[in-house]
Each structure stands twice: as structure tokens, then as C-alpha cells.
Amino acid sequence: MNSFVAVLRKDLMLEVRGGQSTVALGALSLLVLVVLVFAFNPGGGEQGAEAAAGALWVALVFSGMLGATRAVSAENENGCIRALLMSPLDRAALYAAKLAAAFIFMTVAEAASIILMVLFFNLEFDARVMRLVPAVLLGALGFAALATLLAGISSRLRGGDLVLPLLAVPMFVPALIAGVKASASALGGAPFGELAVWLKVLVAFDVMFVAAGYLLFEHVAGEE
Amino acid sequence: MNDRAVRLGLGLVTLALMLVALYMVFVYVPTEADQGIVQRIFYFHVPCAWVAFASFALVAIAGIFYLWLGQQVWDDLGYAAAETGMVFCTLVLVTGSIWAKPIWGAWWTWDSRLTTTLILWLLYGGYLMLRAMAGDSEQGARFGAVVGIVAAIDVPIVIVSVRLWRTIHPAVLVTRQGGHGLEDPRMVATLLVSLAAFTALFIWILCLRFVTLRMHTRLGALARTLALAEAAAHD
Amino acid sequence: MTAALIEARSLGKSFGPTPVLRDVNLSVGAGRGAAVIGANGAGKSTLIRLLAGLSAPTLGAALLFGEPARSLRPASRRRVGLLSHQSFVYPNLTARENLEFYATLYGVEDARAVATEWLERVALGAAAEARVRGFSRGMEQRLALARAMLARPDVLLLDEPFAALDADGAALAAALVGETMARGCAVLASAHSAGAFEEMGFAVLILSRGRLVRVEPPVARQSAARPPLARQVS
């Protein structure tokens, strides 16, 4: 537990010291949302809500990939990853710390995205927006779990930055479907009950991928 | 075990089953009332789908054994299964498309089964690209095993979520009914024979590919031994 | 005969078909030192990496404490220190933060005090609160050395330890290494030339094209208590 806290704390310290990850993620989310506004030219009402939900999740996926890549490749400077692997640090604890860091970065970026989404898609800051927060948090956790594991692979390969989106996107589809549906319902004013089935899918997704990452990360992190 | 004899045997069995299946699909089975002749594609489409999904499970199982036991043979099996499965997965999408066009007038429908197969196809593609990028190394084998396992546990949840997506929100185009509701026993028989034929085809191709990969592994080991002997001779 | 802490048995490594290390046999016991000397490309770094467990052998075995280096138990990993070409320190953290972080990972009691102690020992006391990004190569190397040694390892692997150090830094490093050996640590180092190591009483192993071609036992030390080099530092 000590090691997990130490690694996470170190990552957060590095971030605060000018890691610029949260800024980069926020900027990327902003740009994605801008592009999608021009792409969909949404009106108000239900169509606007659906477009807004979709845009939010597109931003989540793109910023998530960046976040996970950065959280993992922060260890490549000066070869620190090797030092971590040689230390008594449990591989699973390393995964948990990287996952937590990626999740925190993503959450900050998501908060910014939600605000921007409300502004760009002409929505209101009301209970409907609050109701999509659980879906977004669950989605961010699931994506962080998935992407951290895959980033462990892609950061080791030359030209590997193609591998991460190539694998992460199809794998994320179930959570993406559930997340967009839940968000669109929430923004459309649906009561919490309607969101329940989608949230259950998200929870199942999260449980499976956090467990899988936890068990498999050691095979990814070992040196050649 | 005589590799050649096994491969030849499998090949002959496959050929026999395929000939029977082709006869049944094109001659024996009656034309379906609603969809006409095009419906016969169903007898290719479904077996390919079964093979594609089964192959994917095989990739994951091989991956688990590779990570557990560390023996290269498991990785060779997994890689062979991925390549072979990819071919059949592509066939599912192509036959699905050919089937869709005359029936619904569109080259693609987002119905739950085709969508799930598309995701599977993307996962296969990702796996193969990863292996290509990682090259011929132990690292590539390990990464492949991890991805194979994670992707395989993803598939059930993809199936569930896509089905929910398609039922709770009505499909834009008509949902395909095919697959069940085969009234005529001749249709059932044809489907079963076709399943057997395509499974045999899959196993035969898988074996061919697997044997090739095994040879490649052995060649690598020989090259290493040779290089060591050469270096020793120069000392 | 003491059990070897560092051991290579018929160790071989090939990248694809190309052999980089061939049939390497060595063993280093507690309190002993061995220096692997060779030209660039002889395989020194690969040997260190195999012994550190960062890479898997193609043939033979690399052992630390009798266990395969690749799959050490966490309790054993705590007892190994590595100094490599890469410094393993985070540029955006201060020297102190780096040492405290690694001290925590290695389960060192009172990480803060230990970090302070080692910063003094490698003459970085003044730069303790400065970010590593601004350090000179020599300073970074000294910090890396402190990082490798602060958990009081029983095995120390040093890949060209004197490379980035000036005369003072080198003397400091030699003194610290001599000190760990005196308390029972086994040390394996790699370098281009044997001079400094011979003075420290190391056995010298010549590595050429992946093979150990010559082994020279350690020169008998004049004084067992104080390594010769320490006399020059004061």
C-alpha cells in the first residue's frame, strides 16, 4: 500500500511541477468539442442533447488515450521504469498507481469537458447535467484501466502509438455505448431508473478491466 | 507424429465435407420463401461466424497457456489462430454485406450480430498489427497473449451491450431475423453439414499455419546455434 | 567457501541469431568485487542487465542470491542496487525527493533521514532541494550512485560507474563502494579499463566479443581494513 501511495504521489507531484498532462488533456477535449460542434451543427432539444452526449464521450476517449500514454511514458525519462521494476515494488501496485494517475487526469479533463459541453451545445447547468456524472466517472475509470494496460504495451514498441487507439477503441465499445446512452438519457431529462441498465454495463466493464489489468500488467511491464 | 500425413488427412476430410456441403447448399436445400436464392449465403455466413468467434477464444486460451508455461508452441498456436480467424471473420462481414444488399437495399446494417462481428474484426486487426510491429520477439509473444486475453473477455460484454443498444433503441434499418426459425429439416441438416465443413476447413488451415510457425521457431533456434558455433570457431 | 551472491552459469544471450554473450561463468561472493573489462560492444552492459534481471538469458542462468535474477522475490529485490547508463532519477523532482521516493519503495525506515544522510555522503547536500533537471552529469551520476546504495544492498551492480565522474567524484565513489564491500556486499562492475578496480582489490575479468577470455584474481590488498584508494581521499 505504501508503494502505491508513493508512486501515485510522485506522479501527482510531477504533474503539479509542470507535467502539463491535465492541461494537455483539457486542451485536447476543448478542440475535440469545437470540431464536433462544427461537424454536427446541433440544434437545441433532444437532438442537441444526443449530440452533446456523443461529443462528450468522443472527448473522453481521445483525452483518455493521451492521459494513459503520458502516465505510463513518464517513467521512460532516464529509464526510471527499469528502476521501478528492479525495486521490490509489486507490479500490480504499479499498475494501480498508473491507473489512478490516469483516472485523476481524465477526471479533471472531464470536468472541463462537461462545462464546455454545456456551453457549446446550449444546455443548462441543472440536475440533468449532474445525472450524467456517474456515467462519466465510470467511463473514465474503465477507459483508464484499459488504456493504462495497453499503453504499457504501446510505449514499448517503436511506432507503437498507433497500437493504443487501434486496440483501445474497439475494446471500449461496450462502455462507449453504455456511456453515451446513459449521458443522452440524463441530458434528455430521464429519471435515474432509466440510466440504471447502462450504469450496470459500465460497472461490469470497469470490474472486468481493472481486474484484467491488475492481473496482466506484470506481463506487460517486464523488460524484454 | 507424421505432420504430412496428418495435414493430408485433414485436407481430404475437409475436401469431402466441403463437397457435400456445397452440394447441399446449392442443390439439396429448398429455396427459402421470403428471401429467395440469396438466402443460401446464410449457410456460409453462419459457419464462418461460429469459426471466427471460436478462433478468438482459441487465441485467448493459447495466450493464457503461453503466459503460464512460457512455451513458444502456445504462442505459435495463438498467432496461427488469430491469422486464420481473421480470414473467416472477414468472410462473415463480406457475406453479411452481400446478403444485406438485395434484402434490405443497403451494404451494411448496424444490427447486433454484424456490429459485434465488426468489433471482433477490429480486435483481430489490432492483434495482428501489434504482432507485426513487435516483430519476432518474446516481447511480441507476451504482448500478443495479453491482448488476446483482454480482447476475449471484452467480447461477451460487447455482445451484451450491442444487443441492448439495438433493442432499447430501435434499429434504423430492419433487424435481421435469420439464424433461427428454420422450418424445413433439410435446412437444419444443410446448416449442420456446412458447420462441420467450415470447422474442418478452419482446422486444416490452422494446422497448416501452425506448422509453418513451428518451423519458423525451429529455424530461429537453429540460426542461433549456428551463429554461436561460428563465433566459437573464430575464437 | 562463501556462497556466491552474484553468479553466472554458462550464461548466453543472443539477439535474434546474433550472439552477444557466450558461455559466461563467474561468481562473486560476499564482500568481494569483480570488474568486467571490455571494449564497446563486448557485451558488458548486456551482462549487467542479465544479472540485474532486466533481460532474460537465451542460454544458461543469471543468479542473485542463488535465485534467477529475472524472477527474484520482492525480499531479494530489496537487496540489489543497480547503477546504469541511465540515471533512474526523475528530472522534475529534487534530489531529496528522488532519494526519499526510492527509499520508500525499498522499505527503508525513516526515508527522510536516510535521504539526507546519503545526500551528504555524495556531496550533494547543497543541491538537495534543487531539481535534478539542472544538475551536471557528474552530479546526476553521484545522485544515481546514492540511489543505488541507500537501501544498503547486498549486491551492487555498477555499469561503468566512473564514466561521468571527475577525479573527486571517482574517489568518492570508490570509497563508498569499498565501504559497502567491507560490510559484506558483493560488487560487480563494468568498465573500459581496470586501473581503479585493481587498486580496490577487485578480480578482473576480460570480456571480448561476448566471452570471458581472461580472469585475474584480485591483487592482495596491503591493508584489509582500509582500501588503498581511501588514503588518497582526505
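Which chain is which? They are A, B and C, in the order written, and residues in each are numbered from 1.
Throughout what follows, contacts are C-beta pairs under 8 Å (C-beta built on N, C-alpha and C of every residue); 3 or more make two chains touch, one makes a residue touch a chain.
Nothing here was measured: the structure is a model prediction, and the numbers come from that model.
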Pairwise touch network: line, ring, star, complete, or other: complete
Per-chain Cα centre nearest the global Cα centre, belonging to chain: A
A-C compared against B-C, more contacting pairs: A-C
Subunit A and subunit B, separation of their C-alpha mean positions in angstrom: 31
Centre-of-Cα separation between subunit C and subunit A, whole angstrom: 40
Centre distance in Å when subunit B and subunit C are each reduced to the mean of their C-alpha atoms: 50
Contacts with two or more other chains, residues of subunit C listed in rising order: 56
Sites on subunit A at which at least two other chains make contact: 224
Residues of subunit B whose C-beta touches two or more other chains: 138
Complex interface listing, subunit C residues touching subunit B: 12, 14, 16-19, 22, 56, 58, 209-211
Interface residues, subunit B side, partner subunit A - complex: 67, 119, 122-123, 125-127, 129-130, 133-134, 137-139, 142-143, 145-147, 149-151, 153-154, 157-158, 160-162, 164-165, 168-169
Subunit B-facing residues of subunit A, complex: 146, 149-150, 153, 156-160, 162-163, 166-167, 169-171, 173-175, 177-178, 181, 197-198, 201, 204-205, 208-209, 212, 216, 219-220, 222, 224
Of all residues in subunit A, those that touch subunit C in their complex: 2-3, 6-7, 10, 13-14, 17-19, 77-80, 82-90, 223-224
Contact set on subunit B toward subunit C in their complex: 136, 138, 220, 223-224, 226-228, 231-232, 235
